[in-house]
Amino acid sequence: MGEGRAKDEISPVADRVLRVLLPIAMLALGVALWELVVRVGGIPPYVLPSPWLVFSTLVSDRALLSASLLVTLTTTLQGFLLAAVGGVGLAVLFNQSRLIEYSLYPYAVILQVTPIVAIAPLLLIYLPQQAAVLACAWIVAFFPVLANTTLGLNSVDHNLVDLFRLYGATRRQVLFDLKLPAAQPYILGGLKIAGGLSLIGAVVAEIAAGSAGAGSGLAYRIVESGYRLNIPRMFAALLLLSLAGILIFFALSVLSHLMLRRWHESAIVREV
Amino acid sequence: MGEGRAKDEISPVADRVLRVLLPIAMLALGVALWELVVRVGGIPPYVLPSPWLVFSTLVSDRALLSASLLVTLTTTLQGFLLAAVGGVGLAVLFNQSRLIEYSLYPYAVILQVTPIVAIAPLLLIYLPQQAAVLACAWIVAFFPVLANTTLGLNSVDHNLVDLFRLYGATRRQVLFDLKLPAAQPYILGGLKIAGGLSLIGAVVAEIAAGSAGAGSGLAYRIVESGYRLNIPRMFAALLLLSLAGILIFFALSVLSHLMLRRWHESAIVREV
Amino acid sequence: MIRCDRNVPVGSSKSGTPVVALRGVGKSFANDVVALERLDLDVWSGEFVSLLGPSGCGKSTALRIIAGLSEPTRGKVEWVEAQGAYAAGARRIGFVFQEPTLMPWATVAANVRLPLKLAGLAADAPARVDAALARVGLSGFAQSYPRELSGGMKMRASIARALVTETNLLLMDEPFAALDEITRFRLNNDLLGLWESLGKTVVFVTHSVFESVYLSQRIVVMTRRPGRVFTELSIDAPHPRDERFRTSADYAGYCRRVSEALACASAGTDEAPTGS
Amino acid sequence: MIRCDRNVPVGSSKSGTPVVALRGVGKSFANDVVALERLDLDVWSGEFVSLLGPSGCGKSTALRIIAGLSEPTRGKVEWVEAQGAYAAGARRIGFVFQEPTLMPWATVAANVRLPLKLAGLAADAPARVDAALARVGLSGFAQSYPRELSGGMKMRASIARALVTETNLLLMDEPFAALDEITRFRLNNDLLGLWESLGKTVVFVTHSVFESVYLSQRIVVMTRRPGRVFTELSIDAPHPRDERFRTSADYAGYCRRVSEALACASAGTDEAPTGS
Amino acid sequence: AFLLAAASAQSQPLDKVSFGTNWVAEAEHGGHYQALADGTYRRYGLDVTIVPGGPNVNNRILLLVGKLDFFMSANTLQGFDAVERNVPTVAVAAMFQKDPQVLIAHPDQGIDKFEDLKKLTLFVSKEGLASYFQWLKSDYGFSEKRVKPYTSNPQPFLIDKKSAMQGYVTSEPFAIEKRAGFKPKVFLLADYGFDSYSTLIETRRDLVASKPDLVQRFVDASIIGWMNYLYGDNKAANALIKRQNPEMTDELLAYSVAKMKEYGIVDSGDAGSLGVGAMTEARMKSFYEKMVRAGVIKPSIALNRAYTLQFVNKKVGLDLRPK
């Protein structure tokens, strides 16, 4: 094995350990600080509950919260898949035809900048509720995937494009054997952004168009708890949301690493 | 001049013309279709106002709307600048030290996935209102810049890194003369995403943390007009928002094109 | 010193019918660089022709124009379509680019398999890929990624890719420049063998006078930029050629003549990019 | 056939004190490729030494290890620090990589200026950049971008970059492989001139036996992978060398001997990557 | 007494007081704007800043941390919540005797009785769902399954004739009448037993303890403001409202005031005898029991901590009511 010389001159083993331990340590530190601030400042729980209180709320309200988490995660996952498929799909479509690209890109930008609150009522008119929620979540998350994939598809080594042309590659082949593989780092980068956004999208969508009451997601819990001044529960729900976000990001990072580590500069551990 | 052979075999001149005309034509078509739907369907203006009505509302309410637009654009611009500086700055910081990266990246992810609606009240406690609005706008927009810049900084050609090392480049030089220039396409891609997001961020921030009333932005117009069923005005505000979004996107695209056209595959017009 | 006779073709072996002809081809780029000017070049069916010329004189550009990857700004490229094998549809061009141009995300084997895959020839692909890799001495690296190869090994992978399908026109842009003499000689012989047995047409760019004489039937020497044909030399030594030819007095004589022609063609300075 | 005497240095010109010495250096990669094994190599102050060896034998890897860009997995690299000019801080290494390694976002001039910029030498930069570009015949392309250059022109820009600063150890990895003979000869002579006048130490990788003999005081021939020193030959012809040397019988004799050594070193097959 | 208080207050510097409302400026806040516009607050020694709320704005937390001194809470339930969560706030006055919360239905769908609403799709806000809807569920058997979110935009309701939406009697019916051109069916929840107070003035316990006089002055001035707004010349207040909220129109303001009078939102019931802002233990208890029944609130909280009658029921401003 070659020895890796990482930034800060850390050995690869130490690096791997740090990579796991440091974030955990820092999060622990953050929590400790938070507890300290609450204790020393004597901050009442309805302004900022202590981590301990949040944690115990999490435990005591676990049935309610985990049901909500499930709802939100389902929306998130569906939204994310739609964003991934939709973003990549649109980018591919745009890449295949300049005419379509020029024609539709402005609409994609419009979709990105339209505030969900404004269009949720319109969506609710014409779509069944679950579809409206998904549409909202999708709108929030798809654009980064579209933009990054477009960039990636356009960044293909021109010489390789020539090579494919020369060997009579069909459009399909150029797309699947050249452009999409070459765009992988960009696409995966877009997905990393979309992962968090689809969680946000799910929350926003739930607020704007989601069902309320018993079968409702974390967003409803957060709004309701805030309204009812059940701040510990609000924080517990926020905590769940953050954990879910970190998990999604971590999963996408691992995926990205696995797909790129054999070839792309951003992921290979350089041997020196 | 060499002849460019574009996708769909369009000549570069035709391409340039299409690039401008097609989006406009398609938008015009969209508007025409919208007018048609409204007329034929006899849709009342409180459900979907005709483009003409929206336009005349835009004209008649121009004082009110343009004041709001200004407010929102100011927030957007400030949020965007903060997101750009903050995203690139954080990415650079993370790139300089793995320890900092591992320690702080989870917090960046948490910031990304935290719903603004939930934390805006907390921000309002500790920050003056305008700062709180900006913080919200920033939180929404910074992550794509951070993620893309990180990717870009890590994607530098390893041989060039070696070259710089060999010539005794300082960290600073590696950063400014190598990594940042090499990451340009990624950073600009991130900024393109952040442009739209900071508009959305401004809107969300206004809703969550903004003052309502005289000096308030488009978000407030949209919500309040919706509430008062002044739907033509709501659409006029939405239209302004969309236009602003397209303009921002267009400006960033032009910037990106200018910065990359001499060297990056995604932007050079290939001569064949 | 050498007396320079310009543009006087020293014999011209017309062994067959022309396949493709560049007629008064010019190529300028947007930055006002005139790469080619009034280039006339016939490529005859089944011949082995080498392009020789100073760095930056437009050899790669000429190959790209022949391959149809680039459009001339002036003049035209004529394909003799009657020649069935070279009809627009049937034409099968193999190209070794000056740079390896491998897909970084694919293994060496996958890179070499590419032309077969694109042509939909999956059936005997593994065997042919193995054979092509063995030919260039990369059998052990089938599952490696391009970044794990040395410079010469990348070029060999690129050569293997060009040889894996049956092409009737092979365009090679300094394919062996990055290889040691031993490997280079072996691949020279391999290439000659392939050419002789399969009757391919080969257009070969090289900087090695020795290599060009050893391989070609005809050598086209180009001038400095803007590139045009300075002179043509036909190498009339019979094929198959082998080490005996390489050590013969004839060979040395040809080499001297080609070197002289190249020296004449390289005289003067390049046109500046703004002087279009 | 040739009789192969392995590992028998044919004379060894120790013209000065060693600057850097590789002692039993081995290098394996994560994919189990053993690039170098027990490589011993002394580089003497002020000498011009060439590395010759089959493609993929580890020449580039050895250069990278000397430059400190890569760590050996076994053995060690010893710098003779007493030699003030080569003390860890004072050491100034110039490197021409096998690939051009230009910054695509910068003009040719900016690429060439890079070492000056990094060293904080802005004062006479323009003049030196111009001189370096003129030396490699790229004066007209100072404001061009790398993508607008031909393969050979890119390499020349890379060479200009290595020559623009004063370095005391110049590592060159096949710098002239992509150049035509005329340019190559000219740059050969330029390089020799620089070396003679400035007393640089040069380690030069090439595949051209002729070039190595023409340039070097000593030629190190490496074996197939895993690379180690097969033999060393010292080329005792006096400097300055010129066309007369190139056409001398001595030269031909050296070339023959180096070729034979290379043939012997290249015998057999590479170790497969899994056979570590 | 009133004149005396005013006179003595004028001699000393004004107390700075901030008051957070729960929506953008509108007629439902008219009394406070009136008191601000006509100088009533000043006369009571108060320099009042009104901080408007809005959708998704949670001003209440600003009261808790001391950034606001008074907060306009939407209904009594919020006070119960505060007790349950040990939040040290207390309601000091109830400006609306009746919660203006209504359910609005299309006129031509055969919706005549309140119970008919059950078969419709209901557009209810998240806040509504957490409060009055729970009561609708327990007392009338409404179902959550029919609920879709109401995001302060009546459009989905207008399209779907088989739906009803929430609203304030003072605003949404007007918007619908004006823009959609039909007179909707309106059901005031208060008329069907939802006896929450509304638009209460809430403040922190410590303020009540430390500056009861200030609280009293704010409550009294607000009450007087309301009386003047309803029965006096409210032009200045309306101008102020319009300045703070450019969407507001004179027409809507007039409508709102008319409806507040018609339904007795501000001045009815106990307010008739005890003055605007009146609260009684009996009503608090009655509403509390409803909420307990609805499962919204625990059955065992110290109800009397949710409000105090210390500042109201003093017949303030009764003289301003036209005979």
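Per-chain numbering from 1; labels A, B, C, D and E assigned in written order.
To be clear about the criterion, a residue touches a chain if its C-beta (ideal position, glycine included) is under 8 Å from a C-beta of that chain, and two chains touch if they have at least 3 such contacts.
Computed from a predicted structure; not experimentally measured.
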Suppose you hop from chain B to any chain it touches, then on again the same way; how many hops at least until you reach chain E? 1
Quick one: which chains contact chain A and chain D both? B, C
Where centres are the averaged C-alpha coordinates, which chain has the largest centre distance to chain D? E
Please state which pair of chains has more C-beta contact pairs than any other pair. A-B
Where chain D and chain E are represented by their mean Cα positions, the distance between them in whole Å: 86
Approximate Å spacing (C-alpha centroids) for the pair chain C, chain E: 87
Would you kindly tell me how far, in whole Å, the mean C-alpha position of chain C lies from that of chain B? 49
Could you grab the centroid distance between chain A and chain B? Build each centroid from C-alpha atoms only and quote it in angstrom. 17
Give me the residues of chain B that touch two or more other chains. 47, 117, 121-122, 125, 157, 207, 223, 226, 264
Residue numbers in chain D touching two or more further chains are 29, 69, 99
Touching at least 2 other chains, the residues of chain E are 55, 58, 61, 65, 151, 153, 155, 159
Those chain pairs meeting the touch criterion are A-B, A-C, A-D, A-E, B-C, B-D, B-E, C-D
Interfacial residue positions of chain A with respect to chain B in the complex: 6-8, 10, 15, 18-19, 22-23, 25-27, 30, 47-48, 95-99, 102-107, 109-110, 112-115, 117-119, 121-122, 125, 143-144, 147-148, 151, 154-158, 185-186, 189, 192-193, 196-197, 199-200, 203-204, 207, 219, 222-223, 226, 234, 238, 241-242, 244-246, 248-249, 264-267, 270
Residues on chain E engaged by chain A in the complex (per definition of touch): 55, 58, 60-61, 64-65, 78, 81-82, 85-88, 124, 126-127, 129-130, 144, 147-149, 151, 153, 155-156, 159-160
Interfacial residue positions of chain D with respect to chain A in the complex: 27-30, 69-71, 73
Chain E contact footprint on chain A (complex, rising order): 44-47, 117, 120-122, 124-125, 129, 207-214, 220, 223-224, 226-231
Counting only contacts in the complex, chain D reaches chain B at residues 64, 67-69, 93, 95, 97, 99, 101, 103-106, 114-115, 117-119, 145-147, 165
